[in-house]
Every structure is written in C-alpha cells, then in structure tokens.
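Right after this note come the structures.
Both complexes shown next keep chain A, but they swap its partner, so chain B is in the first and chain C is in the second.
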Partner chain A sequence: MTATATVAAPAPNPDPPSTAPKPGRPHAQKFVNSLWILPPLLLVGGFFLYPLALVVKQSFIAKDGTVGLGVWRETVDSPQFTDALWHTVKIAVLSTAGCLVLGFFLAVVLAFVPFPGARLVSRLVDTILAFPSFLIALAFTFLYGTAGVVNAMADELGAGQPLVGFLYSPWCVIFAEVTFYTPFVMRPLLAAFALVPRDRLQVAASLGAGPWRVVTRILLPEAVPALAAGGSLTLLLTLNEFGIVLFIGAKDVTTLPMLVHAKGAVTFDYPGACVVAVVEVALSLALYGLYRFVFSRTGAARAGVVA
Partner chain B sequence: MLVWSRSGRAFVWALFALVFTPVVLGPLAMLVIAAFAGDWNGVLPSTWTTEHFRDATDGTNLDSVVVSIQTALLAAGIALVVGTWTAIAARNAPRPVRRIADAVLHLPVAVPSVVVGLGMLVAFSDGPLLLNGTKWIVIAAHAVLVVAFAYATVSAGLDRTDQAFADVAASLGASPLRVLFRVRLPMLLPSLSAAASLALALSMGEVGATIMVYPADWRTLPVSVFTLTDRGKVLLGSAVTLTLLLATLILLTVVGLLRGKVEDRRSH
Partner chain C sequence: MNAGATKPASAAAPPRPAASVEDAPHIAGAAETAAGTGAGVPAGPTPTTPPAIDITGLTVRYGQVTALEAFDLQVARGETVALLGPSGSGKSTVLKAVAGFLRPTAGRVRLTGRDVTHEAPNKRGIGVVVQNYALFPHMRVADNVAFGLRARRVPRAETARRVAEALEMVGMAGYARRYPRELSGGQQQRVAIARALAIRPPVLLLDEPLSALDAALRADLLGELQRLRADLPDVAIMYVTHDQTEALALADRIAVMRDARLVDLDATDRLYRRPPSEFTAAFLGAANLIPAQVVRDCADGAGDAQARVGALTVPADPARAFRAGETAMLVARPHTLGIEAAGADGTLPATLTGSQWRGATYRLTCLLDEPSGVEVRCDVATMDGVPALGQPVGIRLPADPCVLVPTGTQR
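Here is the complex of A and B:
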C-alpha cells in the first residue's frame, strides 16, 4: 500500500501501519526481525570470541602436546611473570591516580578560571585523544633521555645531568601514561562542570567561602561520577597499554602486554603467551565489569565517555 | 568565576602553565623539532634539515604510508558496517538478544590489543581460514579492535534520534530497505561520520596487535616507526610519526568533506 493510494482511496476502515506486527503472527514477525542481528554477531564471534577461546584452550596445551596445567605452573612460577604482573598493576594504579589529580586541576582551571585561549587549550586536549600513544613515548626520549633536552639544559646551567637513567625507570613510563591519559579524565570532567550552575559558586563566594572550600565542598562532589567513570576507563586502558612501554623500551620495565608480545612474537612460545594473555584478560575484564557498573550507575554516557 | 583576586588568578594560571607546558605542549613540540633536526647535541638542534621528512615520504616509508591508509580504510569500513548493522538490528531484537549483542560488541575495548593479535595468530595460522602471512590478518585485527568504538558511537546516535520518523515512513508504505537508506542512515549521518573518524584514527595509530601479526610485506607506519627507533634512527622515526599524523589528518578531513557533500546533496 503506497501513500498516494491511501490518499486517493480512503478506505472506511484503513489498514494498520505495516510496521506493526500483523495480527495473528506477531511472534513470527518479531522472530524474523531478530534474525537480522545474526550476521554481524557471527562475524564478531568468528573473528574475536573464537580466537579468544582458542587462546584459553592453547594455554592448557604444552608445546609437546601434553594437556594439563604444566604451562600454567611453569609460567606463573617464573620471576619474570611475577615481576610483569607487579609492574603492570603498579604502573596502572599510579598513572590513573596521577591522571585524576592532574585532570581535575586542569579541568577546574579551564572551566572556572578561564584565560584567553582556554578554548584552544581544550581543543588541543581533545586532539590528543586521537593520537597514538607511542608518540608520547617517542617525544619523551628527546625530552628526558640521557642526551635529551632537559639534561642538556641542566648541563648548560652547570647542574650536571639530573635525569640520567630516568627514561628507563618505571617512573618515566608512569609519567608518559599520565601525559597521554589525562585527557580521558578531563573530557568527562569538563562535561560535568559545564552543568554546574555558576550562581552556586558565586553564592558560596559571597557567603565567604574561599576558592579551596568551594572546590572541595561544591566542585568535588559534583565531579565524583565523572571522576569515577574517567578513572576506571583510564585504569583499564593503562592496564592494557603497550605502545608507550614498547617505545620507551626500558629493559627492567616489563608489563603483561610486553610479556605477551615477547613470548608470542619474539620467541614463538604460544602456550606461555596464552597463559599471560588469559591472566591479562581476566584482570581487565574484572575492571571492565566495574567500569560498566559505574558507567550505568552514574549515566556517564552523557558525560561524553566513549564505550 | 572561582578565584576572585587578580593575584590569585595569576597564581593559578602560572601553575596551569607550569603543569601544562611540560606535560602536553613539550612532547608535541619535541616531535616537530626532532623531525626537522640536523645535528642535535645541545638543548636545541644546531642545524636544521628537511632530509628526514623527504626520507619519510619516500621508498619503503612511502610504502608504509600506503599500507597504513589501505588498512585503516578497509578496517574502518568493515567496522562501520558491522557496528551500524548490529546497532540497528539490536533495536528490533528481543531484550535478551539485545543485551548479549551489546556486551559482545563492547568487549574488544576490554581486551588488550596484543591479546587480540595473539588470538589471530593462534586461530588463523592453520586450518580452513589461513590468514597468517597475508595482509588480511592485519586488517581483521584492526577491524576487531575498532568495531567496539564504531558500535558505541552509532548506538549512542540511535538513542538520540527519534524512532517516530522511521515508523511514520514505514506506515506510509516505504519498504524496510527504503526506510533504512532514506530515513534511518541519513538521520544517523553525524554519528556515522564520527564513528568513521574515530575508527580511522585508532587504526592509523594501532601498534600492539599489528606488531604481533604483520607479515613482512604489510608493514604499517607505527611498526615502521618502531623499527626505526629501535635501530637508533630516532630523528627519521619522528619524521615518519609526523607523516603519520598528517596522513591521519588528511583522512579525517576527507571524511568531514564527504559528510558535508552528502548533507549538501540532501538539502537541494
């Protein structure tokens, strides 16, 4: 039935709209409609879930074909693995903490103590979100390397070379991750701050509250949902970060993703790599569950966080 | 206004500059300086050159540019189709199916890129679908990694558009295909172009999965940068990184232009 036909020949009892399930077989219609979701789901299943399942399976099969917990025991017991696990968690937690503090400060200034060019700065922060993370690591080698700008500058001022070895320490990785991931905290924060009525700050100030009191009593409570959402996303991403650690290339700083790469792509020890991968995925899935929980609780979708 | 006194504001701004300059501005400036540096032994390079930049857009590095752009276009295209398809189909599916689809399509965000790469190696190194050693393993890994972002963006866009338009079109007798192409997708255009941009940018900079799976004849730009810096050619590496940023910028501009073109055509 076309639109013109309806107009030309108005039936005394017009048919119901064609999208509404036809009387008599609503279930059949609904079933057919839901079949449309199968092709993309099969694709994602075949190229994502199936390889992931194979990774889990492979972790129980040693190189010589024996099935069991042998590879698990061997891998988990190695000091290399314990080291990597410890480094991964430490770097992720400290980086996230750094991002939260720095992101909160920068967002408060951009939103409530704006200066000429503040909009440009927030644009720049948004652009960083689209950059690859290894870019920061590469830039850090020029800034903080042994022959880097900071050392050269200090040398010229007669202060020696204060940053020898800094580039290859876990602190440098943490600093680089704070630099790269702070925008991920700032974006939801800036969105949340945009909704804070300015009058409230002015009333508080007129009643004699100093800036510090306004920040801790008014802005911080308003920012908690955004901080929680941005913080858990950052924790997830820093836990999985690979590019920054790879490009800084510190020998003593091995994280779980680095270990997966070393075992899987350098020494071709697939079973060992799979064990590390399963631990890594379990860790980030647990965190991801937490993130989705926080996300659904606080409605951070409106705060502009991706995923 | 939070800080009322002039001196207080100056202090806060100074602190902002003190934090912002080394953390955000410094690294970006370094990269540009390094890309054009000739001799660099002091604080700043003593001589400047465009030689690295010419090298970065020549020979094997130019091949990498082409490889990266092809990979990004294919992976983003696949991710956009799969993500949009799932997002739209999920609306008409029963609630449990919808929740499963939502969880599955979001999941790649939570899985480290190296693990996605490892999975590809384990699954497609033998058997009926042999992808290892071909460019398709790189493209498949990229598509998996960006599909979650495409789905999330389009899904959020669907939440904001009014379902009533599609219902009205259907009630007026438009076929489902016509409703899809003339009503639903055009209304989703802003989300589609946002999803395409995000997927392209992420794929262009992807390094974790790529470095696990890439065959010798399909080396993307980030992998080239890593090989260069690993061999100590950091200045050339910076120039190649700058090329990568430029190529990404061009791709995103093209997406923006295409979106404008489609909108123009529709308004006439």
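Here is the complex of A and C:
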C-alpha cells in the first residue's frame, strides 16, 4: 500500500540513539510513546484519507483522461445535480426538524409521565438505534406499498385504486427518516432529562405554571444542548441517508448519495460520481464544523447550568 | 426563646388536639363573607375562620410502604407549625400532599375551607421552598422570582415591582441580574424563598430549607426567617425540619412525627416543657430519660405525684395518669442536672464516664448505679469540683419536679 509509506514517512526513525542526547532515556521513551499513534494513523490514512484523496483526484480527471475542472463544471451545472442537492437538503432539514419536535415530546412523555411500560419503551428506543435504516423502509413498503397491508385492506373494502400512493412521494421518505431517526434525538434528551430534579418541576407547578408552561419554560431551555447534539447528528445522518431513499424508491426523489450510486454503479460515470461524493463530504464536514463551533459556544455557556 | 410568644398572631391559633377536626368544614361560609378586603386574603382571624390548612385523615402509600398514616393537622392563618421528626418519618410526604405533588391514598386537604385534595399543584396557589432550592438554572434571579407572576399573567410593571419587593425582603436586591450558579448556597436559598413569596401565597411550605447550609449560615438564615415571619402576619407556614433548634425558634406549634404518624402536637413551649411522650422528650431537647417507679396513683398533672429512682424518692409532674408501681420515665434536660461529690444527700449515685468541652459548657456523661446501665448526660458550666473520669459522682435532679412520661411508644 502506497498510503503506508506516505503517511508514515515522518514517523520512522531507524536510529533513535544517534539523535538522542546522552541521558537518552526520556527521549527514547518519548519516541516509543509516539509510536502508539502509528496504528490509528495508518488505519485512518489507509482506509479513509487515501480513498478520499483518490476520489478527489478522480473528480478532476475526465473519462478521456484530460485533467481539469471540466467534470466539475459539467456535473454541477446539470439539473440532475441541483435537483439532488435541493432534495438532499430539503429532506435532511425537514426530517431533522420532525425528529426534534417528535423526539422532544416523546422524550418528555417517557421521562416525566409515569405510565406502565415506560421502561420497556425506553429499551425499545435503544433497540431501534441498532437497527439498519433500510428495515424501516422495508416495513413501510409492506405497510403502505401498492401491494401493502393498507392498500390490500382498502381493496377488500372495495376501493379500486391503490388508496395510499403516499409511499412514492418525498414526504414518505421524510416520514420514514423521522420514524427511524427520532430515537437518535431521544437518547441524549432522555439522558438530559434524567438529570433534571423533579422538585424543580414541582416548584414550577406550585408557582402556577401549567404543564405546557413547565415544558416550554423549564424543560426546553434545559434540553437545548441535548437537542443540539441529537439534531446535528440527525442532520448529518439524514444528509447521507441512502438505504431509506433507495428502498422507498420514491419517484423523482434523487438525493446526493443516490446520485453517487447512480453515476458510479449504474451509468459508470466515475468522475461525475466522484464530484458528487466530494460535494457530499464537504457538506457533511461543513455541517460538522458548524456544529462544533455552535456547540463549543453554547456548551461553554451551559457548563455551569447542568451542574 | 419561643417565637410564638412574640407574635400576636399566635394567639389566634389555640393549640388543638389532632382529633377534633369535625367542626372545620361547616364554617367555611363565614370566611367568605369576612373576605371583603384584600386580594383573596381572608380578613382577620375570627373564631369562625376555617384553618388556612386543614388536613384530615391523610394517608399516603407506595405499594406496601406506608409513608403517611391517618394524618390530621390544622394550621391557622398566620400560624407557624413545625413538622419535626427523624428521617423517613413522613414529613416531606405531608408537604407534598398539601402542595399537590402527590396524590394521597386517602384523606382530605382543605385550604381555607376549599377542598383541594384532587386539584393540580398550579391551581393551589401555595408557596413551596425545598431543601435544594430548585432554582431554574437558565434564568436570572429576577426571572426566577418573576416566574410565578408571569405564570399568573400579572402585568409587567406590577411584576417588576413585586420581584423587587420580594428580593428586598430577603436581602437579595443587588443580585437580580445574576444566574443561580453565581450565588452561594445561602443566597440561592434566599432567592428560592423570594420566589415563593412573590406570588403572595396565603400558605407557605418549607421543606428543610436550611439543611443544606453550614451551621453559621443556618443560624443567620434562621434569624432572617424569624424576621420574615413577623413581616408576613397572615401567612400560614408549615416548616419541615429534623432540627429542633429551628422548630423551637420558629414554630408556634410543633407536630412531632414518627414512623408515618403524628405522635405529638402542641404549642412549642408546652411541648418542650411538658413533653407527653418518651419519644418527644428525647427528640425535642435531647432530654435524659431516667426509669422510675410511680410511688402512688396519680392523675395527669397531679401536684403530689412522686417517683422512685433507685433509692431516691423525688416529686414528679405526671404527663398522664399513672398507677402506683408503674414504670415510667423521668424527663431531665442535661442543663438542669448538677454534678456533686459522690454520696451527697439527695443525689443519684453514678460513675462519670466521659466529658466533652463544648465551649460554654462541659457535657458530662455518667452511668447510673441504680437502675444500672442508664446513661445520663449533664451540662455543667465548670469542671471545678467534678471528680476525675471513672470516679463515682452524685447527680442532683432539678429542684422543680421532673415530668413523668410513659415508657416506650405508649401514651
């Protein structure tokens, strides 16, 4: 592997004693210690950075071998791309918003409204986190597909046309993503709510605040860090979601990951696929950067609040 | 010493036995007609005013655990009642049921005659202060105090005025712009009190408000609470504590609780001076309990009662009727006992086993020779004339007859 050589180049020093001063030990020790970062560095380099570099490189080389911005111009200008970008952002933002709203209220109910089986539901939420995302799409197909349960029942009742055509709209993709990703928002929220003392809510109630006021004025502000964490994670994941979009197969819903797949595996337009992939990665990194920036600021401001 | 003596309001709250509550409900109408002036606050205490807090038969169970059993208590307007008892005795449970934070298994809670047993906490209009302050961390002090007023949609200007007033009351006017995390524990507790007072509640519930503070601060705040009490002549206060100093300093009456039950309820000084039970005597003022035999049949409070401790026969003040020969407990507070040379006339022979310097006094511990094994604590101002550790001594009982209480939990 070439990556090994390039990444590890500065690290190997075949002759430490020669550079180390007479006492030797501390320096030699330092060197040995620094060797520990080699394996992770090799892993990251070999399995992530190198392929990424290849993808970036490939995006500048057209099919006929000419090097330049040609492929970029061509791909980015295509309506197909702008469409996919628009769909990706729209679906990700709407899904995340849906997850935040639904997740917040489900978490409030789960954490503060005692009902039998609350623990079971809590466990279930954890379990969903471990599921592959396309399962939910598959379940949706069974439920709402043309030959799905709902339409079959509608058929029995005499409705001729498939009653629920909703499966093939972008809304279904959003619905499915909200269903699947809501637990990702609930998990940090439940952890945050577990730290909220009950008597704080009780005192708020005794001061005359109804349940709605307690939730919006007391719980919501305390949930902001958890919402930010869960929300940005969800936004990242929904931006890159592939399985759900593919399995639902909604008409005219192409997202960036779908476009990468179509270009790379269907039309064999590798350079085009690489361009889209680079845009996708850049989008994710930018979002991650923003998240870190925002979170470090609110995180610092709230450090004392959580205590 | 007793706050009740300094407050005219306490006169309107004659101590009532826990059981006589049947007369409470049917006089509700009188209070309504009397409540002509002032925003919803009933007018001056008249004999017909229903109690500010009226708890009857309150029972709270968590599955098999009984947290509170058939609890009765009335608190008059302007009165302070302390709930005193060891940990787990159900004190907080009473408060939570009155505030509406939990649903009682049985019993009723009435506030000035209005049955609130099944009312939501936000409809009751009660001020609550809890042990760990429970301030809202993301709000400034002023917003914390304003929370209840905003929830009640009090106009903006009025809110600002009342927030300033409440903060002024607890001496926190200069801290309105701070966040709770920027305050010390004592300051946070003051803000919590201001927050509860801002809504001008007719009833204030305090659950061990000082227990999270260090001793010096506790003494400070206790003084402030006394002053606050005087500033709030109409507010009925229930004060939960396991610290007898706080109860003695603040309460007009003290309700002593044990094992989910109310064991004793009486005016503070009377409960302290003539405790009706062994438990209350020991819990309130850490009295010595010396086993004794009743010499002759006697009635409650009989002037000629006598009790026999070892070889000594002493006058006693029976807390209930006793029969001759019955075993009972003589109640003697440590500061009323004296230490003398062994064999001195009219003293109880004992052995000195320990001494502890407490600044103003020395706390001596002695083991009685007869009945043997009974430990007696005694506070003396000086060690002059006190024999060395391990030496025999004579314990002099107080000149006034000691209260005689039944043994154990029996009444």
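List of remarks:
To be clear about the criterion, the second predicted complex is superposed on the first by the 250 of 307 C-alpha atoms of A that agree within 3 Å, B and C clash if a C-alpha of one lies under 4 Å from a C-alpha of the other, contacts with A are read in each partner's own complex, and residues count from 1 in each chain.
Going forward, contacts are C-beta pairs under 8 Å (C-beta built on N, C-alpha and C of every residue); 3 or more make two chains touch, one makes a residue touch a chain.
From a predicted model like this one, the values you see are computed outputs, not experimental measurements.
With both structures placed on the common chain, the touch criterion links A:Arg213 to chain C but leaves chain B unconnected.
In the superposed pair of complexes, A:Glu222 makes contact with chain C only, with no contact to chain B. Touch criterion met: A:Phe247 reaches chain B, while chain C stays clear of it.
Look at A:Gly70: by the touch rule set out above, it reaches neither chain B nor chain C. By the touch criterion defined above, A:Glu280 lies against chain B but remains apart from chain C after alignment on the C-alpha atoms of chain A.
Of the two partner chains, chain B and chain C are each touched by A:Ala205. If you count the residues of chain A touched by chain B and by chain C, you find the higher number for B. Once chain A of one complex is fitted onto chain A of the other, the partner contacts of A:Val260 are limited to chain B, with no touch recorded for chain C. Of the two partner chains placed by superposition, A:Pro170 touches none, neither chain B nor chain C.
Common to the chain B and chain C contact sets on chain A are residues 202, 205, 306-307.
On the chain A side of its complex with chain B, the touching residues are 1-3, 5-6, 17-19, 30, 33-34, 36-37, 39-41, 43-45, 47-52, 54-55, 58, 102, 105-106, 108-109, 112-113, 115, 121, 124-125, 128, 130-136, 138-143, 147, 149, 152-153, 156, 178-179, 182, 198, 201-202, 205, 211, 214-215, 219, 236, 239-240, 242-243, 246-247, 249, 256-257, 260-261, 264-265, 270, 273-274, 277, 280-281, 284-285, 287-288, 292, 301, 306-307. Residue ranges of chain A in contact with chain C, taken from their complex: 197, 199-200, 202-210, 213, 217-218, 221-222, 302, 304-307. The touching residues of chain C, counted against chain A in their complex, run 96, 99-101, 120-122, 124-128, 130, 132, 134-138, 147-148, 151-152, 179, 181, 192, 195-196, 199.
Those residues of chain B whose C-beta lies close enough to touch chain A in the complex are 1-4, 8-9, 12-13, 15-16, 19-20, 22-24, 26-28, 30-31, 33-34, 41-44, 82-83, 85-86, 89-90, 92-94, 97, 100-101, 104-124, 140, 143-144, 147-149, 152-153, 156, 167, 170-173, 197-198, 201, 204-208, 211-212, 222, 225-226, 229-230, 234, 237-238, 241, 244-245, 248, 252.
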